[in-house]
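Note that the chains take the letters A, B, C and D in the order they are written out, and that residue 1 is the start of every chain.
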Amino acid sequence: MTGPTKPINPRGTKYDRVEFPVFEFPVIGKARYNYTTGEALGRFLAGLKEGKILGTYCNKCGRVFVPPRMYCSYCFREVDGWVEARDEGVVITAVMSYISATRARLERPVAVGVIKLDVPGYQFDDHFFPGLMHYICGASEDDVKSMRIFGARVKARWKPPEQRTGSITDIECFEVAGP
Amino acid sequence: MTSRNINFKHRVAVVSAGMTLFRSKMLETPQELAWLAARQALDEAGLTLKDIDCVVIGSAPDAFDGVHMKGEYLAEGAGGIHKPTIRVYVGGATGVFVPIAAWWHVASGLCKKVLVVAEEKMSHAAKPHPQYVFRYIWDPIVEKPLNPNLIWIFAMEMHRYMYKCGVKKEDIALVSVKNKRNACGHPSAQLCMPNITVDDVLKSEVLVWPVQLLDISPTSDGAVALVLASEEEARRITDTPVWIKGVGWTLDTTHWTNRDLAYPEYVRRAAEMAYRMAGIDNPRKQIDVAEPYDPFDYKELHHMEGLGLARKCEAPVLTREGVTQRDGDLPINPSGGLLGVGNPIAAAGLMKVAEIFWQVRGEAGARQVKKPVYTGLAQAWGDLMQAGTVIVMGI
Amino acid sequence: MRVGIAGVGWFGFQPEVVDYSFREMMFKAAQRAYEDAGGLDPRRDVDAFISCQEDFWEGISIADEFAPDPVGGAMKAVYTVTGDGLQCVGQAYMMIKSGLFDVVVVESHGKPSDVVTLNEVMFTATDPVSLRPLGLENVHALAALEARAYMARYGVEEEHLEAVVEKAHKAGVKNPRAAYASPGRSRASTPTVVDPLKEADIAKFVDAAAVVVLASDRVVRDFTDAPVWVDGVWWSTEISTLEYHDWAFPHHAREAADGAYIQAKIADPAKEVGFAEVDNRYSFKELQHIEALRLAPRGQAKELLADGAFCPGGRLPVNLSGGALAEGVPFEVHGLARLSYAVAVMRGDFKAEVDRRDVAVVHSWRGVPTTTSVVAVLRL
Amino acid sequence: MRRVKYFPEVMEIEAYVYTAGPVGTKWLEALKSGRLTAAYCPRCGRLYMPPKMYCPHDFQEVTELREVAPLGVVETYTVIHRDFYGEPLKEPRVLAFIKFPGVEGGLIHYVKTDRPRVGMKVRPRWRAERRGLVTDIEYFEEA
């Protein structure tokens, strides 16, 4: 093996603090959107306001979609209708977060995970299932670190109806059911 | 998939590569970072901009550089002046996808010499912190209101993988140690840590259990560029062209909360597409060196299994046995990977393609793997646990 | 090997599509395109899918995540190009010509009605050092700078812009998709916005989705017995820094057109082309793009248009659809809007007053502040 | 069936901090000291503005800035009467593309005049306290 290590003399000027003219461009108020929720998520959010978790189903492949959509991604056809999932299920995976969205440290860590929801009359394997990401409460740091949380049964803790706004946050968290 | 191992009218080769330093904050504008890399790739191939027919650009979220229609803004720095210039985009997997798109620019016979440039400048998103931009990659209606941090989704995948395969954090930390040490051989490396140990990783700040600070690659600014050429042009430019033997990519359904994260099925499908085109049926034996995507250490193991370089849950064992070291039987991420060299998203994937280019030509110097290299593979990953891009290159 | 269009589907083209999210609009457009392609099944018959969109239009970072499902591409080869829909057609053309793909689906969608701060979003595309600090209240001002430069250099007057606007709305009335076609309203009666451009000179925005199925000549007849051939598609970016570019003439459109004509072996476009669909999101742009595409000598599009050469029934009808002025600008779907209308005219789906429907040229421009155009040549 | 039709959201961070690169930073520093400069390409000898560390014509590296006389010519202009959403501006503003003799490219900037015309000679009106930005020139006025 001869010759110098490539890349030869990679360039670029590193800096640590801004001690030269830059242009600071405030963004607040400059990228605002008003998403059209459409049929699927429109009814999903309305259902949350009424304390219900709605999904859609496809008869051809038997899949149930939570969060719902108007098309089956696997058969490429319209879904056949709406179904109400129970507001409880099983933890597929969970983690313990010690930082916020801006990376600042949280005073108390918060558990977050993916919950596979029960749907009366349907069975799902771990390969495809109706599921939501959400906060998990009633689980200790050790429950998560020891992986005991995997497979635990959880049930949604809803905000009082008058505080619900038609958003995923109308559910406060999924609470680990008692032993 | 109807892709098949047919011989194509136009064989395509990589003939040169160039890249900038990878650092957390760089003074050069995104256009200038692209220019630094493109200029080096052209000089290495002994070409000027007039020799280039088409330009393919790769760059990930516009919200990092803070420029809408970033492809149009980068075009000039990437040499895309009075030329067909296009930007392709599959999230983090963009870096390996750019040469795939450039492949059909040449293989279609429409462009003889193509400049491939991937760039990312995350430091523009300074306030509050570049990582804050990842807040906007989630489903805006069902996930974003939960105020998520990006690391949540990686931690959930890592924990699920540890749960299904019984992998210990010590095994995963070995990857970070290997790559952050390997990076000391890379002139552009941002995080060369020659003496890092597993203990350091396990004692680093816990961000979102099981992910700790030293499990992750840094945010970076940087750019990488390649020149691709048709067979006829390639032989005129260099006597050791590196042929693109196989390309493949796959995107799974957007809804990651409906599927098992323990095994990256989309990486397997992408690899199968590339292997079928390259005529590879036993990757473990036929691939001499590989650069799977490692924004997090567990991801290297996860992707090795998706690529068929290890059986399910076997990657940690190979790592423990040193098989994946530079002098091992199957060197993995000899470049130092994203964990060590740095992670300017789109440019990080193209850095891996450039690494395979240099490894096959024996030009990796301090990073050159011990065993002879005839065929190498680079893979990138992206989106919501959903995009796999694979390129197979060789003599 | 030739590349044919096997099916086209679109959805929306309304100022605000209220009842469908962008994903549902994509699904509708895909359903229609696959039906048009003889009931093609995306889960079985398609090798790759391409989506044309931009993050800041969607309000989602890494918006390509949402591309696969609505078009039937889950767990398949799907990718995104951040560019005009016609650039996606260009990619599909290359992919099929490479021999690795036989059937490629191109999709694009845009929902401007979801964007609350559209001026600020468009303004974020400008150079952060030389232009962004100015804080323009109206990005159309950048187009107005081009308008005056063009009008000053080639002696174009306001009356010529009136003729373009009038032609667009008159033609648009016959286009079922043209939500903004309003022939009664005269340009002069609208207020000046960014001199010399009045309100009527600036196209409004529209929500839309469009899907096009392309296939190699080996398999296209499995899906349609009336393929429209894409014999040339080329695109060009002139420069990134607006201050360096020619304010008076779109060289990017000329370069894209020349590339496509060479591929399609068209020596004299003004004679060989039957009709054209070009970008007219600003009225003066239609004249510029007619000249850039060599359908009229430089500076003379205004006279030929006044003589009716480019009107429906004329020698070379341009924008039988009314173009963006009548249909609206659907973000990156614009190129596919022009292409889908041209295909409909060539196949006789839309009755149009045009003598020769066998050869059409389709052009798109990505709008301010870009200098990128795409041109495709279609043949029966 | 009831539906929540819209879901307001943003894609915003607090602020971007754009650097101008090695040559651009010198350009901004010159603006801060009230001087107009252009980049000089050693290979093709062109002067061009705004400056970058590469020449747009021959893709060569550029490091040197040269002072430019603060006297420009309006090549094209527009009078902005209404904002993007159709609201009339309190007072129309003239935006122009200003070229400088011997320099390729130029500046897009505001011009304070009630008789804008192509070919009009203009000079910069510098702000009292400057921060190293294009807007250190408050506007151009007739020379």
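Just so we're on the same page, a residue touches a chain if its C-beta (ideal position, glycine included) is under 8 Å from a C-beta of that chain, and two chains touch if they have at least 3 such contacts.
Predicted model, so just to flag it, every value in this text is computed and none were measured.
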Selected pair, greater C-beta contact count between A-D and A-B: A-B
Report back the single chain whose CA centre is most distant from the CA centre of subunit A. D
How many angstrom lie between the CA centroids of subunit A and subunit B, rounded to a whole number? 26
Euclidean distance of C-alpha centroids - subunit A vs subunit D, Å: 43
Averaging over Cα atoms per chain, report the distance between subunit B and subunit C in Å. 33
Mind checking the centre-to-centre distance between subunit A and subunit C? Centres are C-alpha means, answer in whole Å. 37
Give me the residues of subunit D that touch two or more other chains. 5, 7-11, 13-20, 22, 24-25, 28, 52, 56, 133
Enumerate the residues of subunit A that touch no fewer than two other chains. 13, 15, 20, 23-25, 27, 29-37, 39, 41-42, 45, 69, 73, 167
Would you please write down the residue numbers of subunit C that are in contact with two or more other chains? 18, 55-56, 59-61, 68-69, 74, 116, 121-122, 124, 127-129, 132-133, 239, 241
Would you identify the shape of the chain contact graph, picking one of line, ring, star, complete or other? complete
Which bits of subunit C are touching subunit D when the two form their complex? 18, 55-56, 59-61, 116, 118-119, 122, 127-134, 136-142, 144-149, 152, 191-197, 199, 239, 241-244, 247-248
Residues on subunit D engaged by subunit A in the complex (per definition of touch): 1-20, 22, 25, 28-29, 32, 131-133
Could you pull out which subunit C residues touch subunit B in their complex? 47, 54-56, 59-62, 64-69, 73-83, 87, 90-91, 93-102, 121-122, 124-125, 127-129, 234-241, 251-252, 255-256, 259, 263, 366, 369-372
Contacts from subunit A onto subunit C in the complex sit at residues 23, 25, 29-42, 69-71, 73-76
Note which residues of subunit D are touching subunit C in the complex, please. 5, 8-11, 16, 18, 20, 24, 28, 48-50, 52, 56, 75-86, 88-89, 93, 95-97, 104-110, 118, 133-135
